[in-house]
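Before I ask anything, let me first share the structure, which is written out below as structure tokens.
To keep things simple, chains are lettered A, B and C as they appear, and every chain counts its residues starting from 1.
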């Protein structure tokens, strides 16, 4: 089975800092793949490289077998990659529903002339788009917050809107960068269930998370990163016992 | 290029450089374009003129007083038009607009006090004695202007590189958040850079008014756009770049006037500006960094 | 009835200018709607005004042909301008487009065929007020129709967070370019209509000061709604007329007073009403609600 996402010796240098230093791993279709590591290990940088917001300084990234070197972010999105952001990047002045509608951009096949002439088919298409957005928000438990501007939502609610917005693209590969940071335990539980369900529907997930229990619960495979290098990889139980991982997390000589 | 042209170019360039230094200082610190800079330039020129013509002060006494007034106007600008916007998501665009508003208000005030017409310094404010340098003729006026400009460059360099205030301003320019963590009073540093910036703009205005012996409410307009050309050329936020580019523009203008005719002077500088922005947005003299967004 | 007719005749030209300014304000708004501050509209208006005037004056072309050319030519210029320029952002884009406007203006000053700085005079008076308002209405209809569509949402997303929008599959360059081209078309059309409304054009009517005026219309009216720039243009075009009546009472010359009031209005809007006049009703409603809650 070919990998949906493959990193081969990926490297990214910022000035003198080797944020990602020859990392290789693969994410298979339908897999929930954990990416963990101490602060500054290079997790977010990898998400940025895969989504095209950064270019690698070495190595190669393949999505669905295709090298994405030099592709702009919107082209990568068209390959079926969607993401959330560690530091939440919603469209603050838009409502929760409108944020999710933007996420549907690539799925909307509408005709500009029909729209400009105000023809009924265009209206119907928009109605469907709205309904889908509402359904997605209901899925993340925000059915009664849909019309609120996202800047007025709580931290946890904003994170859930981001997840809904990413799901709106029906991505093959969903990149989640610390989706539960700042959430209360009830919310974390809901997100864990959602991730499992999304994976069961056939989407792959690359999950960056500091919440160890969540990672252990929902991931099929975990890759551990430290100083930009992969130091361990495997099923959760095995990774948890890896001495290199324990040293990396507890400090001490790497 | 003849010696005479070089002298004229340096003379013009020193004024552009002074003006642009102030412009670029605020940009470097705040990432904001202060489009009221030219209005301060104009007001300072009027203040100096009034001090000389009505109060009978010597120009070398009126100049520092006008520069002080300009600096105070900078503090007003910062307080009224920029500080309230700090932290707003689109602060670099809204700041640009609020500075336009202040420019309109300043211009209206100048209109009201001094009227719309061109005013001139009284005869003999600076004697027009001619000296021979570099195979060209240079007037005492020109020498004074170049001298004052060079003096101010040195003062500014000392202020920014050698004083605690300068270090704080540079720290804020680098990163306001980091500066705050390091214990820098960010508000004070920003206010200080506005004071310095406007003082430099005011000095440029007084010298410009003397150089062409013409002071009017709209005298800042052409210099404003040329100042933009200079700071882009020099690399936004770079002070050395602004000085070099200011002199470069002065020399180029003199050259273009001599060889292509006066009407092409401005066209050449804006065409150059445009090409540089498109081809090499970091500026000719290389800025430390181009901050986008 | 007679009184009405008289008033109309007195203020007819103001009425026309409200519409023209509205078109120009909309031309700045198009790029602002996706978060880009492009100040090229005066340059595009100049291109449109001169293209149309040359066609009617020197080539005896009909007015519709002239208007068409005045709309199309700026669009053609906007594409090669926009491709490199839209890569730079924020203040840099503003400066590059100011430079473009100055290059156009100074180019016209140095072009003898169109009388240089003097400009063209005795342009046939072909613009009627209804034409101006038809153009405004069409522009508003177009912008209104974009709202809620895939494209409308993409523009809002780019305005709010360009990088995030790109990861949603939005080809931001195409949208920004399209808005620049649309703005160029509106500006060119407005320029042509104005030239045939006021009989003359001169390069200095299209300088930096002019594009700042357009920006001020848009910002004061409000850029959160597509009709905001029209409201702003109407407000700030009528204001000087009112001031002219009031100036003798206040004891300030009308000219400086206009500057002063424009500056104060703009500053107050930016500081206290960042979404412009059109956001005022919602603001007041919120205020009232807050008060009734505390009471």
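The definition used in the following text is that a contact is a pair of C-beta atoms (placed from the backbone, for glycine too) under 8 Å apart; a residue touches a chain by one contact, two chains touch by 3 or more.
Worth saying up front: this structure is predicted, and the values here are computed from it rather than measured.
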Farthest from subunit A in C-alpha centre terms, which chain would that be? B
Does B-C or A-C have more contacting C-beta pairs? B-C
Euclidean distance of C-alpha centroids - subunit A vs subunit B, Å: 48
What whole-number Å value describes the gap between the mean CA coordinates of subunit B and subunit C? 30
Could you tell me the distance, in whole angstrom, between the mean C-alpha positions of subunit A and subunit C? 41
Listed in rising order, subunit A residues that touch 2 or more other chains are 92
In their shared complex, subunit A is touched by residues of subunit C numbered 142, 145-146, 148-151, 153-154, 156-157, 160-161, 163-172, 224
Subunit C-facing residues of subunit B, complex: 27, 31-33, 80-81, 84-85, 88, 90, 92-94, 96-98, 100-105, 107-109, 111-112, 116, 221, 224-225, 228-229, 232, 236, 263-264, 266-267, 270-271, 273-274, 277-279, 281, 290, 292-293
Parts of subunit C lying in touch with subunit B, wherever the complex brings them together: 35, 37, 84-85, 88-92, 94-96, 98-100, 102-103, 106-107, 109-110, 116, 208-209, 212, 215-216, 219, 252-253, 255-257, 259-260, 262-264, 266-267, 270-271, 274
Along subunit A, where are the residues that touch subunit C in the complex? 51-53, 72-74, 76-78, 82-83, 85, 89-94, 98, 101-103, 105-106, 108, 110, 112, 115-116, 118, 122, 126, 165, 169
